[in-house]
Amino acid sequence: MDKVTMTETIIATKLERNLTWETMGNDLGMSPVWLTSACLGMNSAPKEKATAIAEYLGLGEDVASALEAYPTKIWDQTVPTDPLIYRLYEIVGVYGPTLKEVIQEKFGDGIMSAIDFSMDIEKIEDPKGDRVLLTMNGKFLPYKSW
Amino acid sequence: MDKVTMTETIIATKLERNLTWETMGNDLGMSPVWLTSACLGMNSAPKEKATAIAEYLGLGEDVASALEAYPTKIWDQTVPTDPLIYRLYEIVGVYGPTLKEVIQEKFGDGIMSAIDFSMDIEKIEDPKGDRVLLTMNGKFLPYKSW
Amino acid sequence: MDKVTMTETIIATKLERNLTWETMGNDLGMSPVWLTSACLGMNSAPKEKATAIAEYLGLGEDVASALEAYPTKIWDQTVPTDPLIYRLYEIVGVYGPTLKEVIQEKFGDGIMSAIDFSMDIEKIEDPKGDRVLLTMNGKFLPYKSW
Amino acid sequence: MDKVTMTETIIATKLERNLTWETMGNDLGMSPVWLTSACLGMNSAPKEKATAIAEYLGLGEDVASALEAYPTKIWDQTVPTDPLIYRLYEIVGVYGPTLKEVIQEKFGDGIMSAIDFSMDIEKIEDPKGDRVLLTMNGKFLPYKSW
Amino acid sequence: MDKVTMTETIIATKLERNLTWETMGNDLGMSPVWLTSACLGMNSAPKEKATAIAEYLGLGEDVASALEAYPTKIWDQTVPTDPLIYRLYEIVGVYGPTLKEVIQEKFGDGIMSAIDFSMDIEKIEDPKGDRVLLTMNGKFLPYKSW
Amino acid sequence: MDKVTMTETIIATKLERNLTWETMGNDLGMSPVWLTSACLGMNSAPKEKATAIAEYLGLGEDVASALEAYPTKIWDQTVPTDPLIYRLYEIVGVYGPTLKEVIQEKFGDGIMSAIDFSMDIEKIEDPKGDRVLLTMNGKFLPYKSW
Amino acid sequence: MDKVTMTETIIATKLERNLTWETMGNDLGMSPVWLTSACLGMNSAPKEKATAIAEYLGLGEDVASALEAYPTKIWDQTVPTDPLIYRLYEIVGVYGPTLKEVIQEKFGDGIMSAIDFSMDIEKIEDPKGDRVLLTMNGKFLPYKSW
Amino acid sequence: MDKVTMTETIIATKLERNLTWETMGNDLGMSPVWLTSACLGMNSAPKEKATAIAEYLGLGEDVASALEAYPTKIWDQTVPTDPLIYRLYEIVGVYGPTLKEVIQEKFGDGIMSAIDFSMDIEKIEDPKGDRVLLTMNGKFLPYKSW
Amino acid sequence: MDKVTMTETIIATKLERNLTWETMGNDLGMSPVWLTSACLGMNSAPKEKATAIAEYLGLGEDVASALEAYPTKIWDQTVPTDPLIYRLYEIVGVYGPTLKEVIQEKFGDGIMSAIDFSMDIEKIEDPKGDRVLLTMNGKFLPYKSW
Amino acid sequence: MDKVTMTETIIATKLERNLTWETMGNDLGMSPVWLTSACLGMNSAPKEKATAIAEYLGLGEDVASALEAYPTKIWDQTVPTDPLIYRLYEIVGVYGPTLKEVIQEKFGDGIMSAIDFSMDIEKIEDPKGDRVLLTMNGKFLPYKSW
């Protein structure tokens, strides 16, 4: 089973059972963000997690194997068009050099890893309009000379 | 004074005085991230903040005016090449659809604003390698029908 | 049912019943522009509206569900080629900086929201050639410092 | 005098005299939007208007001539990055096919002219946040067979 | 019937009956160029013309309806590769600014409409090599101030 | 003298003497379109014509030499943005395959040359709006097998 | 039969019969390069040649007709990736301005036709490594003034 | 002296002395094509050749050094616009897969080198129009397995 | 059998038999990197190797033939998005001019061949994190003058 | 002193003193590849190394400071055109998916770091043509779930 079919199968079951990513993550003891990325096929799941997800959803071993497979991460739109995703792209464009200044001032020359990395989303209720709190946590990788 | 000259002037003074964005932000009571973006010319500063920054650096009114001017936000590279900034772009590519799923599950159909928005960077010391904690906080804007 | 099938089903029924978007909008008490964008799959309909549209057209719950689903807004042509749509793109190119000047003079630094937003089209009859009156109404979102 | 110098001269004078586009337009009996586009060099001004603008600002005949010259309308960014202008681009992407449906339903096969065209901006005060009202008015041009 | 199937059906019938666009145009009293563009799906035909074309070819009402439908004009290649079409693109690149100079000198600031527009092709026999005579006829649209 | 300086010199003289391309062409016995393209630096002028143009304008031999030089024809915008030039590009996009059909039906497999080529512009007065008549005349070049 | 099916049919037969383009060209009295381009669908074959090719391969009239049809020459990759083809692209990039200098010095202002054109490939055996000899032969087309 | 200044200096001297690339090549015993590419800065000249060229033109050692320097080969236009160079690009697009078929049939899997490579241009006089004979000679490089 | 089906067949068999590229390479006496590239369809295998691979996997002659066929090397993403492949692209961007400096200092003007080329990957165990050792070995090809 | 001036200064001194990157690296006890990248401005040098390099070349503290500054890594050409650099790009295109297969088979899901990374170039003399040996050594970074 390839990742595309896997995602379709999982989404269909999720809808049928009226589940949310949050419930699934909480029940399985996994971050809802990471769980979603694995189910959308953009991350591989370690064997036990893959099995746990498939079992939780009552799906077979082929789904577990597909979750475990190492994905080739491809996106088609150099500049994303969906407004929710574009706003994130805009933040990178507007604040990219700012983040470079501030991170490198704090840590020295290097980068924030996108591999040794986790992310979380929280909802902050606010009478003037709820707020999205998006947290990224990545290992700092210093450049090395040799 | 245009924004490019303003940035050069501020950066030169900052180097001369051996300041950091963090010190400047703390002394002025402003977020170091926001302060940096204003000094790099990607955000306008309200009048009092513009004056405060210029005075703090011992710079003239022309710098204050330039900080107050509304910028046209332009970036040249559709796909950024600097590794620190590219990793952020990669996160948008890899996790964009995931964030859309999770945010819209929590909030309904809508987006996280990039305008009513703030950001923060913290350093988490870790013996296995320090970590960058990047927090984004944006108002949720629901789509409306009419 | 995905959005593409939904649109095909709705368009086929609309042709069969010889309906216009305007009639549909007026009968349903919805703006014809918004209704069209929902039926073309570029906006989600709140539950009651989705049900009302499907019932009005004599279509099933699967169409209502598809109307209610949150769309991923994608367009393929960075520069649109259809002349009607290109002219709108040209207006953004020719008048974009002008609109920025005038809006920001009136409102301060910020943007017109494309999310908290509505649009309307009217026909103005004119012996020298009828005119299209296109009205956009978006909430002003001020930039904030932090 | 080329259009770039003309724009710089006009903007400098406007700042010096603390004028707004709105005041200038009202005093001169011209639409502030059109006046701005002429001063930014994206439209030519008829002779009398060119002279009136230059005289109003106390500028010479070379500015009047530059305002009168026919511009070559060029923009560099296929996809604009400034958030205010991008939102307009996004509206064309999201609502382009919708506008085509609704306009062509009302008028037949054809387009809204971007040449025989005018535009207006109004501020609607609103306790929940002021709103931008953007009105476009273009002649409908029907396709012809031959 | 969509435009693609319509074009295939018409081309197949045309080949079967050994017709040329020229014969068809002359018999039907329509310009061969316009007729071709309608049959290739890049222009809509008014009802009577659509019916006449379909009847002439012995094709059904579905073909007539497809001819009448308003097309979305899309081309995939920003720079066309077929040599015949590329040469036209090259002419626009080489002579575009020249045509702007000469047209605007003759007519004032404005454009040649591509909507209120017709085109014709003639063959001029010449012992040194026949020549293609391509004539474009478009309404001049002056810019307006407001 | 390079072509850019040549063009600036010629345009300055033309403005000073209040000449039009049409007058110049008629006085010199050259097509105004061709003359313009040579003066804009997109075509080389044969020696006698180059000399005649320079002398007519009271300009020196360096201008004549620059007119005679073989240009490298470069344009920067793959898709032109100026509305007058874009409409020509749009015509190539909308009617390119139509012109291919009709030309190749009349002439066989081959192309219209853009090298052995001339072009003319005429103004047709019309109470409903003047019309631009643009004529292209290119040698047909048949493909050959070998 | 369209060109794609035609090419597949010819290639399948060629493999089955263990033919080479060279043998086919020699047997049929046609240049192997031209023959290949016709069979790959990038050139049309005159009627007699089309028939001869089809008969030689024991294929039907539909193949002959497809060979005779005028192709629309399309390539998808602006910059080719296959190393053999990329090297040719690189030669155009590295030597293009050189070839322009040398050809125009020898012939005057004009171009080498890619339509009235033929090409040949020979193998030159060499103990240090065989060499490819690629010969292009195109009619010189001088620019004309008018 | 950088390559750009070197080219300008050489071209100026060449014009002054009324030389052709052909004369220069013949006098110096070098291929005119290669000599041109070295003088345009797209190839480095071995020391003795660099010195010979500079001396022949009466230019100094700085020109010889610049000729000897290893160039970074850069071209700006992915698709060249100058018609002479575009036709070569078109030949690569139209005949690329054909050349791949024929070369690999003759030589096996591999490519024609663009490094161990030479090129020549000849003029073939022809009453029906002179012809350009362009010859490329590149070492065949077979792929290797390992 | 085309290369795509060949790759799918080989990968399926490899999974079924629980093989690794490394085992396969070692058993067959071929480099695992080269073997993988042949099985992914990006290199052709000489006849004996093609047969050996097919037999080893218990697959038929059609797979052997497909392995032997000369591939057209195509990749779709100008800038790769998968992080593992992007990092290699980034290395070319960051270190490309450095490698040019160092290689040409050591070898003279020329390039490293990507055709007469081999590559190897080793795992270096390291308590601070294992390391990838990637070795490229390509023939130096000197530019030649002529 | 910015990085561009720094590079020019270093290169000028290196030429004057007739140094090679290799000598410099060996004398300074630094890898010639890393040293070159620092001097070309694509890597920052730790303080002591920056000072050592500047002193070795007899250059001032401003050069040392510029070497120490954290660079913004930018390259202009998405697809590099210089043949030496293009071949590296081609290797990424042809072998990218192969390297992904082999690395991830050996190490699990993850990437080779381009930050915790070093590179080396050696010359292997060979009577059939010297060979370039390019070695890359990067830390393996495993993806993590959370």
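Labels A, B, C, D, E, F, G, H, I and J are assigned to the chains in the order they are written; within every chain, residues are numbered from 1.
As a convention for this text, contacts are C-beta pairs under 8 Å (C-beta built on N, C-alpha and C of every residue); 3 or more make two chains touch, one makes a residue touch a chain.
None of these values were measured; they are calculated from a predicted model.
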{"item": "Set of chains adjacent to subunit A and to subunit E", "value": "C, D"}
{"item": "Chain separated most widely from subunit B, comparing mean CA positions", "value": "G"}
{"item": "Option in F-H, E-G or E-F whose residue-number contact pairs overlap I-J by over half", "value": "E-F"}
{"item": "Rotation angle (°) superposing Cα atoms of subunit F on subunit J, nearest 5", "value": "145"}
{"item": "Subunit C-subunit H separation of Cα centroids, rounded to whole Å", "value": "56"}
{"item": "Cα-centroid distance, subunit C relative to subunit I, in whole angstrom", "value": "49"}
{"item": "Between subunit J and subunit B, distance of the C-alpha-averaged centres to the nearest whole Å", "value": "31"}
{"item": "Overlap residues in subunit H, where contacts from two or more other chains coincide", "value": "43, 72-73, 75, 78-79, 81-83, 90, 93-94, 97, 100, 104, 110-111, 113-117, 141"}
{"item": "All touching chain pairs, where touch follows the definition stated at the start", "value": "A-B, A-C, A-D, A-I, A-J, B-C, B-D, B-I, B-J, C-D, C-E, C-F, D-E, D-F, E-F, E-G, E-H, F-G, F-H, G-H, G-I, G-J, H-I, H-J, I-J"}
{"item": "In the complex, subunit A residues that touch subunit B", "value": "20-22, 32-33, 36-37, 40, 42, 73, 75, 78-80, 82-85, 87-107, 110-114, 116-117, 119, 121, 123-124, 126, 128-141"}
{"item": "Complex interface listing, subunit C residues touching subunit E", "value": "77, 79, 81-83"}
{"item": "For the subunit G and subunit F complex, residues of the former touching the latter", "value": "30-31, 34, 38, 43-46, 49, 70, 72, 97, 100, 104, 108-111, 113, 115-118, 141-146"}
{"item": "Partner subunit H, residues of subunit F touching it in the complex", "value": "72-75, 78, 114-115"}
{"item": "In the complex with subunit J, residue positions of subunit G that touch it", "value": "79, 81, 83, 86, 90, 93-94"}
